[in-house]
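Each of the two complexes below includes subunit A, the first together with subunit B, the second together with subunit C.
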Partner chain A sequence: MVNLTIDGKEITVSKTATIYEAAKEAGIDIPVLCYAKKLLPYGACRVCLVEVEQMKGRLIPSCTTPVTEGMVVTTMSDEIQKVRKTVLEFLLVNHVIDCPVCDKGGECDLQDLTYEYEVVTNRFEGEKFDLPTDEVNPLIERNMNRCVLCGKCVRVCDEIVGYGSYSFINRGFETKIATAFDRGLNCEFCGQCVSMCPVGAILPRPFKFKARPWQIKEVDSVCSYCGNGCTITMGVKDNKVQTIRFNDKIGVNDGNLCIRGRFGYSYANSDDRLTTPLIKKDGELVEASWDEALEAVAEGFKKAAADKGVGIISGARLTNEELFLLKNVAKAIGTENLDHSGGECYKGVTEGLVETLGVKASTGTFPQVEDADVILSIRSDFYETHPVFGMVVNQAVKRNEAQLFIVADKKGKFGKLPNAETLLHKPALEVNVLNAMAQALIEDGSAVTDGVDGLDELKKSLADYAPEKVAAATGVPAEQIKAAAKALAGANKSAILLAYGLPYTAQSKEIAVAAANLAILSGNVDKEGSNLYLCGEKANSQGAIDLGVIPAGSGQGAQQMLDAAAAGSLSALYVVGEDMVTSYPDREKVEKALDGAGFVVAQDLFLSPTAQKADVVLPAASFAEKDGTFTNAERRIQRVHPGITSPGEAKTDYAIFELLANKLGAGLSYTGPAAVFAALANEVDAYKGVEFNAIGAQGVVWGGEELKAATKKVVPVKGAAAVDGKFVLLTGSALYHSGTVSTHAKGPVAVVPEAYVEFGSEDATVLQVADGDMIKIKANGAEVQLKAKVDKRLPQGVVFAPYHFAEAGLNKLYKGEAAIAVEVSK
Partner chain B sequence: MSEAVEQVQEEEIDLGPCNAILDKYVDMPGALMPSLQAIQDHYGYIPEPTVHLTAERLNVYASQIYGVLTFYAQFHLEPRGKYIVRVCMGTACHVKGAGRIGDTIKDRLGVGHAETTEDLKFTAEYVACIGACGMAPVIMVNDDTYGSMTVQKMDEVLEKYQKMD
Partner chain C sequence: MIKEFIQGLLITLKYLGPGHTTTVQYPRKGHRLQPSDRFRGLHRLVPDHDREKCVACYLCPTVCPAKCITVESAENEKGEKYPKVYKIDLLRCIFCGYCVEACPVEAIEMTGDYELANYHRDDFTFDKKRLVR
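Moving on, here comes the complex of A and B:
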């Protein structure tokens, strides 16, 4: 710690602090333009100049100068005032003064400082820039005439996002921020640069001319897309979410968001939203009143329950409170057939972890990953499924020099980081590689074996997974497997990351077990600060597992229910918040199930292909209309707050479940989400003691920052055989989308409007395929046509297609396999 | 990456030599400047595809490379002439009539400062002092220096290089 005096105030701060940070801690404001808490000090704008007694004769930039013992700092004097004003005058020489039409007006740092320092006239004159505005992409507008060259956009894109869209180009007066070759922006559109820009140079296009900052009501909530659980602050006006506001003060994400979080909110405002209940009459879905619809649903379920039974399949974007009410509805119906999306994927993963470690969730929290010195990421898609968690890994690697190993079937952005190595394996062979890593640890004697159960059987089974042997089968060099295993075992703090979700249903349990084995053998489980991270695809995937929205007793799981319904041995299906026809593997089976079940109820925001097959459709509400809690992938229970009211007669799932339960004769009389949470906390051990209204801005992590593994049991697990075929198709999540709901959000759709099939550049050259060509893909007796996209991340013989799009019908091809052999032709 | 972008037609060049250059530098710390210089030495300028290849192989953002290329005057993003005619416009040369030398080049070849003839034979460049004031007005053609230039001598020099390949 260092002692210093700022403006007569004696303060003690950490020795790594800068003068600016020390002043801030002491509650003293120093103006800045180029400083941002999460970026490295830069010192570009010179607005933060202060006087330091020990450094007389010049003014000192407070944001880049570290504190020293006994330093005496003055943050305001006539001299400082004069110099800051001069700096502003310089900035205003070429800054266009178009504040009346600039969306930043009212919350612009330059505008505020100009006002504060009363820069009424300017002693300097010069040319204003007249640069064209970059309006090539639909999401981010760049007007470089307003730029003050603080470099925040350049730095955030490099330091945090790791994409590197921007650079300073040219020199001297001509200096400006540009992309390579000064073209229109073409990137991941996460909008980090938008959130960092202190002026109106980089703005969100969908928000243009929508509202003045002071007209906006800010509502803090949690993003509804992936399991990362980023805080998003909705900017609400006219009962519409107009934008997502920058907020780095609360939550897990430091103000960082991905394209879905920042631009994907608009599905809540979509004109396609369902606004009234629908009932099928003479084969047509027609509008109905809530009373009629609920009556029909209650009647239908009662009849079905008395017949062959009802099955309930839920999505994982419902709040914890809603999931709890759904369990009550299931009880009221009298069915134990209750499951949530993913069918096998989450089930396998949790079963695997329970068998080995005795837990069903990540053992650590995200910030601990930043301190890890070795990180093992299983599946490169991790960055694409949980982009903001990807940014955490980014910082661990770039700032703290963590070593990163990626076990993946395609190259990704992670692989480009310094100190990153991709263990690029043939499709579907993750488990083989993980097994080989475990075997490498056992072979060289570095495996942790104290207190580990099941070692002998594991050793026996791993004999088949010698690194050399696995290398031949998977294509990952044995040396690389050994090196990765050695590094993981040698780490002081390690992190093992595993993502799961609907497109990854195959081998879920095997992968979880193999990852857990490795966690045990490498000492990850024992070491403080070392953790295994299990990241669900949807906002409340963890909540659904915690609450036990899974079959109980003799209840059937999602896949069993679909099989039963298809065979005519289940009378009704209740599908809540999931478009199974699009997102579940094996579309044919799902469709057969929906046809086979005599009575189908769909509860959704949109008339999805699944809802179209329903007998009754209930219009539900988006996250923006809900009050409740989500539990993210680090077990953090966070509050969701409503910003708008639902369109038309749409109701929250909460309200619908309550009404339905009452219709079914099981009077639920909760006074609101707080009461429901209290009730569920009573039933779910992990949530015991958590008080709904006491959940603060940082949420509550159940089980504490580090969840101790209950058991340490290694379990033998079989790898897979390589998929034979000239081309192998992988499916998965694309960075720009999440589940199916993002296909109703303007932002993500503007960037990726439709499905595609991605080729590696080598295959593309051989097949003479170019971007936009229509490609026929045949497998499992079905054929789909997709537009081609050529990139550099796929190895030869592997093609990839994202699973989000209903029209594409990708799940006609795959039936839950990790990868399938396909025929590809133009 | 996305659909929402302008399509840029990439020029087609042989990237073999660029790869060979990068092979040499790839493991060296601070490889960017020497790589770019070597690429320019080979191709005469920095073609766009070499920037993308360099970005990929050296793991540097293309935007950063573009920043470097536009910062230093030594790099050129457009094809340049085989012979670079540098006309000194320093004080001594200016006083001794460097302007007329520049005008002569413009008149005979049709190219002014930083312009290249269509046949890619000559590029004219007006530069500040090249440190040979005793020879003012002075020009350089690639690495050869010609002093005490006159309009007539300029014609002779141009004619000499015109005849060369």
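Moving on, here comes the complex of A and C:
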């Protein structure tokens, strides 16, 4: 701690603080332009100059100068005032004063400072910038005529996002920020540069000319896409989410978002939203009243329950309260067939973790990853499924020099980080590599074995996974496997990251067990600050697991329900918030199930391919219309707040479940989400003691910052065999999309509008495939046609296609395998 | 003393005679008042080439104490910001002139037009068509 005096106020701050930060802590305002809390100090703009008694004779930039003991700082004097004014005058020499048409007007730092320092005339004269604007892409508009060269965009894209779109080019008055070769921006479109720019030089295009900042109502909520649980602050006007506002004050994401959170909100405003209930009459879905529809649903379910039973399959983007009500609806119907996210991706992973560690969730929280010195990411797709968690990893690697290992079947963005090594294996062999790492630890005696159960069997089974042997099968050099294992075991603090989701259903239990084995043997489980992270694909995947939205007793899981329905031994299906036809593995089976079940009810925002097959369709509400809680991948229970009302007669799932339960005669009635939460907290141990209204801006992490593993049991687990075939197809998530909802959101669709098949550049050359060529892909007796995309991520013989798009029909080929041997032709 | 008094009275008397009176027979036809330049009457949106000068900056609706101005901005074919909607509800307007003062591009003025009575409520809504003159 250091003591210093600022403007006569004596304060004590940490010795790593800068003068600016110290002043801020003391409630003293110093103006800044190029400073940002999450970026490294830079000192480019000089508006933060202050006087320090010990350094008389010149003014000191407060944002870069660390505090020292006994420092006496003055933040305002005539001279400081004059110098700051001069700095502003300089900035305004070339600045086009576009304020009336500049969307930043009203929250522009330059505008505010100009006003505050009364810069009404300029002693200097110069030509105004006249640079072309970059409006090639549909999401981010760049107007360099308004740039003040603070470098925040350059730094955020490099330091945090790890993408590196921008750099300074030219010198002197000609200096400007440019993309590579000064072409239009083409990047991840995460919008971090938009939120960092202190002026109107980088703006969100979908919000262009829509409103002034002061006209907008800000509503804090949680992103509905992935399990990262980023806080998003909706900018609401005219009952529409107009934009997502920058907010680094609350939540887990430090104001960082990915394209889905930043630009994917617009599905809530979509004209395609369902606005009335629909009932199938003579093969056509026709509009109906709520009363009619609910009557039909209740009737249908009662009949089906008395016949061969009802199956309920839910998505994982419902709030905890809604999932709880759904369980009650299931009880009212009298069925135990209740499940979420088919393909059973979540089921295997949780079973695996329960068997080994006795937990069903991440053991740590995100900030701990930033301090880790070794990180193991299983699957390179981790950045794609959880981009903002990916940014945490970026910072751990770039700032804190963590060593990053990626066990993956393709090269990804992670692999490009300094200190990153990709253990690039043949498709489907993750478990083999993880086993080999475990074996390497056992071989060299560095494995932690104290208090570990099941060691002997594990040792026996791992004999087949000597690194050398696995190297031959997987293509990962034995040395690399050993080095990675050694680093992991030697780490002071390590993090093991594992994501799951609908496109990663194969071997989920095996991967979870292998990862947990490795966590135990490497000491990750025992060390403080070392954790295993289990990251669900959807916003409330963890909540669904916590609440036990899974088959109870003799109930059937999603796959069993589909099998049963297809075979005619289940009479009704209730599909809530999931487009199974598009996203579940094996479309044929799903379609057969929907045809085979006598009565199908779909509850969704859109008339999805699944809803089209339903007998009754109930229009539901988006996250922007809901009140409740989500639980993110670090077990953080966070509040979701409604910003807008639902279109037409659409209702929240909460309201629908309540009405339906009452129609079923269950008399479900709560005063609101708080009451439902109280009821669920009573039933779910982990949520005990958490109060709905006490969930603050940072949420509540159930189980505490570090969840202790209940058991330490290593379990033998078998790897897979490599998939034979000239080409092997992998499916998964694309960075720009999440699930199927994002295909209704303008932002993500503007960047990736349709399905594609990705080739590595080597294969593309051999096959003479270029971007945009139509490619036929055949496997499992089906064929799909997709546009080609060529990139450098994929090794030879591997092709990749994202699973989000309904029309593409990828799940005609994908039946739940880790990798599929395919025939590829033009 | 008396002389000055008579002189003064004469001036007064002069203004009683025809041609000098300031009282007009209003609203008899042809009798229009010419208010001073500073008079604050009906607004006018200043035209500029093929469009209005207004750039839909939202300052006038923001400053308006009577909250009677509605602006909706949009992008035109040339990529410029323009007011897709510009409306003043004269029934609420208090003719303070703040909008004129706030406008950064001198796109709104107040004219000497004072004949604003009308028969229907709707007639008091002045949209772009009626304001751009």
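One rule holds for everything that comes next: the second predicted complex is superposed on the first by the 824 of 826 C-alpha atoms of A that agree within 3 Å, B and C clash if a C-alpha of one lies under 4 Å from a C-alpha of the other, contacts with A are read in each partner's own complex, and residues count from 1 in each chain.
In this text, contacts are C-beta pairs under 8 Å (C-beta built on N, C-alpha and C of every residue); 3 or more make two chains touch, one makes a residue touch a chain.
If you're wondering where the values come from, they're calculated on a predicted model, not measured in any experiment.
J.: Thinking of the overlay built on chain A, is A:Val101 touched by subunit B (first), by subunit C (second), by both, or by neither?
T.: In the superposed model, A:Val101 contacts subunit C only, not subunit B.
J.: Comparing subunit C with subunit B, which touches more residues belonging to subunit A?
T.: The larger set of subunit A residues in touch belongs to B.
J.: If you stack the two complexes on chain A, which partner ends up touching A:Ser165: first (subunit B), second (subunit C), both, or neither?
T.: After superposition on chain A, A:Ser165 lies in contact with subunit B alone.
J.: Name the contact category of A:Trp214: first (subunit B only), second (subunit C only), both, or neither.
T.: second
J.: In the superposed arrangement, does A:Asp182 touch subunit B (first), subunit C (second), both or neither?
T.: In the superposition, A:Asp182 touches subunit B alone.
J.: Applying the document's contact rule, which stretches of subunit C touch subunit A when the two form their complex?
T.: Interface residues on subunit C, with respect to subunit A: 55-59, 62, 73-75, 79-81, 104-105.
J.: Can you list the subunit A residues touching subunit C in their complex?
T.: Interface residues on subunit A, with respect to subunit C: 99-101, 105, 135, 208-212, 214-215.
J.: Could you pull out which subunit B residues touch subunit A in their complex?
T.: Its residues touching subunit A are 1-6, 8, 48, 51, 55-56, 59, 61-67, 70-71.
J.: Which bits of subunit A are touching subunit B when the two form their complex?
T.: Contact set of subunit A toward subunit B: 136-139, 158, 163-171, 178-184, 186-189, 416, 418, 736, 750-753, 792.
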